[in-house]
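A, B, C and D are the chain letters, set down in written order, and residue numbers restart from 1 in every chain.
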């Protein structure tokens, strides 16, 4: 079977490294090109990347030469973007204009009216927005985004509740891991024996992206944009001294308050398209509810379901809103690279990668 | 001047060690007796205590022999209690019955109807409850409590707001330091690269003690108990890998929503009896509002005002309640031993230590 | 194929948990019995163990009832011991006397003259000592030990050098992980932002076990005990705030100083019986030399080769002895449970488990 | 009394911040100028510095405008240098040429034949080298250096032994704190749950600076350079996850092996010029020997003697060299800024600051 050649933009960073490991032996995709910033261009990937993961770089990729993040130089029809925020905005559009499909982890286009911000279990129908882009760019290319690392897990945890019972208010405090800030990221002197109660721009992302994820397609044809969910979301975001895994304490208020048993059943039973279609990277259970009194915990639960699930626990009544609980997810897997890849897998099975375009090309 | 002889119960633990350092050169009190559990009794304090603080044990105290926590053996008229929860309940009553005034950091009696649960800046008038105890015990002795380490800082941060504007709802998430669990406390394998979203009993303490602190004396004589404040408080409590200093994210709703400027002014201007009376351990500012976008931080702010203040920052609008902010305090100083000593200082200036009882005794 | 039923003594602790994961799907062994201390006896293993590993307890084992560590109650012919030091000495002898073969991670018998202290790649011939025990106990049972977690990796790193070039002096400083102290082990307040330059008994273990590992069988029949290697070993042992993985800086002096290239070749080429016999838990390379200037590192290299190899790097001239280098190994895998299991695998292929004894028994 | 106006070069970094706190209320020196890199020039110091210490910047300094590190712009006769390595070499010479006395913490000139590398307790007589510089530069200015943070504490710990008994060999392994790498320095992802066994250039500094510190003035006039001590020093340097305080394990061999008691007495009794002259920053005991079995420890002992002493413990026989012990020191106080200031205090009392030059100037 011919695999689809893909490129990774921003391949040397932490999220880029996760792309490498998720795509290296992927059944549908084949890494054809690696691109990064100027000081890496021309180097072997193994020399350019400061590898952070506790296993070796696949040898064939270590030898691959790094390309510039230039749509004229990078040829793959499917592009995974881990580009830095300050350049992702323009570059991703340039890639879409030259016909590339861009599955992006970057933030600039997430809230664009015509960009699908998608979690495959939550709002796959938002993909319809891609058509608006194609027309705008007069191209086969378009951009699809996953959310912020904290938001994805929050939205995954809220989706079963909102779909069944209807949410009105959400108050969340996050305790976020260091890998969320990339590399070099947080200086060690800033975090050893410390908590930093501020992460630039993060709270706004959580508050706005969540209601887009949980929103509905507007218009009769379903491609006139998104009507945001009518939920008031407030976030406190903090950095703590963990390597991977964002923990969140969440209080919620419903339109009609369900029983605790109903809520746990909603978490237990939640499934979506990735499970139905058996996507390669899909977790068996996208949301996992743990019964222990002191779970989820970062070090024990972040890797559950290959890091692709949201783990929930400690559901109890809240004196201020209706209920409160704890939620945890791996921030660079389901919270970043894993989300970007799962989105591309969804495009694949939906026929949105238009395979005919590269069907002649043999990727060995 | 003759100082008042005092005893420390539970002297070898973390809070006991803080008592030692706060009382060692106190202008009004003199450590006369140290008491601890059976396996320490008879030993020199320097041998019995596993000293945790980054300076030496005062030499005279290192040589002092440890007594049992027995009201017949410990003679001091004023007793500081850092007793473990499981034995504090009965023992503190026994001390009160033999006539001792017990300033306690232990939790069992905090919510007793006749026990003053006091923060001197917040509710000094609650001391009136001591009279009920004196009658009940037919003794000059009584128990006065400070709150839980997380609650004290929350209540100190809320008091200026509740007094000026009236609070209705409070939603708090804590990120608590390791010293809050005592020694040996949290095993290192449980917390390195981890967050534990559960601390037994903690959330209930925060939710109940807060409304007692902010409550009012009932009855015409002011000694018929406390009417709890009509505030709904909900807490999520977490353990993180910091040594000292509890950080809390707080969302609040008011009876009448004030402006942000009014709130900051309330923090800036808050003063209480300890400041007015210039108590030895009183901070100059009990609440400190910081203007930086990323403060308070645990390592930078926990020692401000000798660890006796609550540091606040990041006031901003909340999408769910009215406002949200961040709050920090040192958990074993103002959150424990410092609170217990400040309470005793308040008793001293209020004449509630009945100095005539020990005025003959010379303490050199 | 019938698997050999095995028991785990001390099954609830950290090393016991590693036994569970290494033996759960072992091709030759089947966990038949789990034993632990009195407060666990009778409970389901899943309830008795405070599970520390980032994946679930195998379900069948979670349901297994915990037995007492009593040779009359535990029937398996092969017993893995993770018993605490204070009781391991007598209990392991009692198991050997009733005919059990005890592969032990405990320290009491390591330096016994008739107990093989074995690393399969280093000194498999020491197994001959087991015969002395069989005669002494008038039993088919005997004890075989692996070494201390720091020592095993030191000895594995030194073996290729000693075998080729002959060592005279070794000076080592260890930086040891928290899991080496078991659970609850090191209190978090003792190690956050700290190094503890003392681990009780550790330095002596490193200094004595190393020369037994590298020693030779005495006597014509090879079963008159061990002649220790004539190497002077000196150790400084320290505890640092890592979860798993002991790092060691090592300086060595040779009988005849080889070239640096010869030393690296010795590390690269080192193989032993486990590799030759393809034992299930054997690493492909028992010693791995890394060329980067800043490796091995704890977080990046401890899991290499399934945690069963010793990783070495930074070979350079030493101004005091001949050469110096850095060495790293996983302390609860190759440094503990992995070593105990690999020793049992060696017994299996050597025919020392006398399979006929349990060949009738069917283990499903 | 008129204080001597001083400048701080590299004032915004970690060591610069320590200079601020040590010099702010110094009895002899007054901070007159703060200089830093281009992106700080012109800003208020409080805005330019990312303040790292757990107390506030002195207000008057927070308002001071930052100057460029230019000898034409910085006028103070005494200059404290915390310049980065890559620019310190040329800039410090330029300052000396325009007549400034430069007390430097930077490394480029430490091993220059005509630059005194001084620990006031160890080798104050090396100051004589300054005359060579004055002639070379035809100026009243010259450079004096303190050593590397690891080396200073090693040399302080070795000095009492070398002076009394004569050392031949020293093998040291360091476990160094994060502040030693400056700010932002070590990325948190590189050090949480990790040890990095490599610090660029550090081992060579330890090996060469130590023998210069312990060396002797050559020539009849004592100003023909330094004859290095005939000691073979070998170092392994590691980075661990502590904030402040370098721990070192040390093995030593003597010309004539003394008794352990003699060694401890040497540590106990060691005093030098700073103690004799009662310099403001001098510790009472420059070397402190602790008798506990598990000390010194980083968190408990780094701040002893105001962070200006070297704390030693665990003296015991070494199987390879004669003795081994553990040594600890604060790396940014006595290991950096404290050393630079103490050197300047020594210059002051030795008359080497030529006070007449600024005696007219009034510093308010």
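Definition applied: a contact is a pair of C-beta atoms (placed from the backbone, for glycine too) under 8 Å apart; a residue touches a chain by one contact, two chains touch by 3 or more.
In this text, all values refer to a predicted model and were calculated from it rather than measured experimentally.
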Inset, instruction - Just grab the chain with the largest centre-to-centre distance to chain D, centres being mean Cα coordinates. - result: A
Inset, instruction - Any chance you could check whether A-C or A-D wins on number of contacting C-beta pairs? - result: A-D
Inset, instruction - Round to the nearest whole Å and give the separation of the Cα centres of chain A and chain D. - result: 49
Legend entry - Rounded Å distance, chain A centre to chain C centre (Cα mean): 42
Inset, instruction - Please set out, as single numbers or ranges, the residues of chain B touching at least two other chains. - result: 52, 192-193, 241-243, 299-300
Legend entry - chain A residues within the chain C interface of the complex: 51-52, 54-55, 192-193, 243, 299-304
Inset, instruction - Enumerate the contact residues on chain A facing chain B in the complex. - result: 169-171, 173, 175, 193-198, 207, 232-234, 236, 238, 240-243, 247, 249, 251, 293-300, 313-314, 318-321, 324, 326
Legend entry - chain C-touching residues of chain B, taken from the complex the two chains share: 14, 52, 178-179, 183-193, 241-243
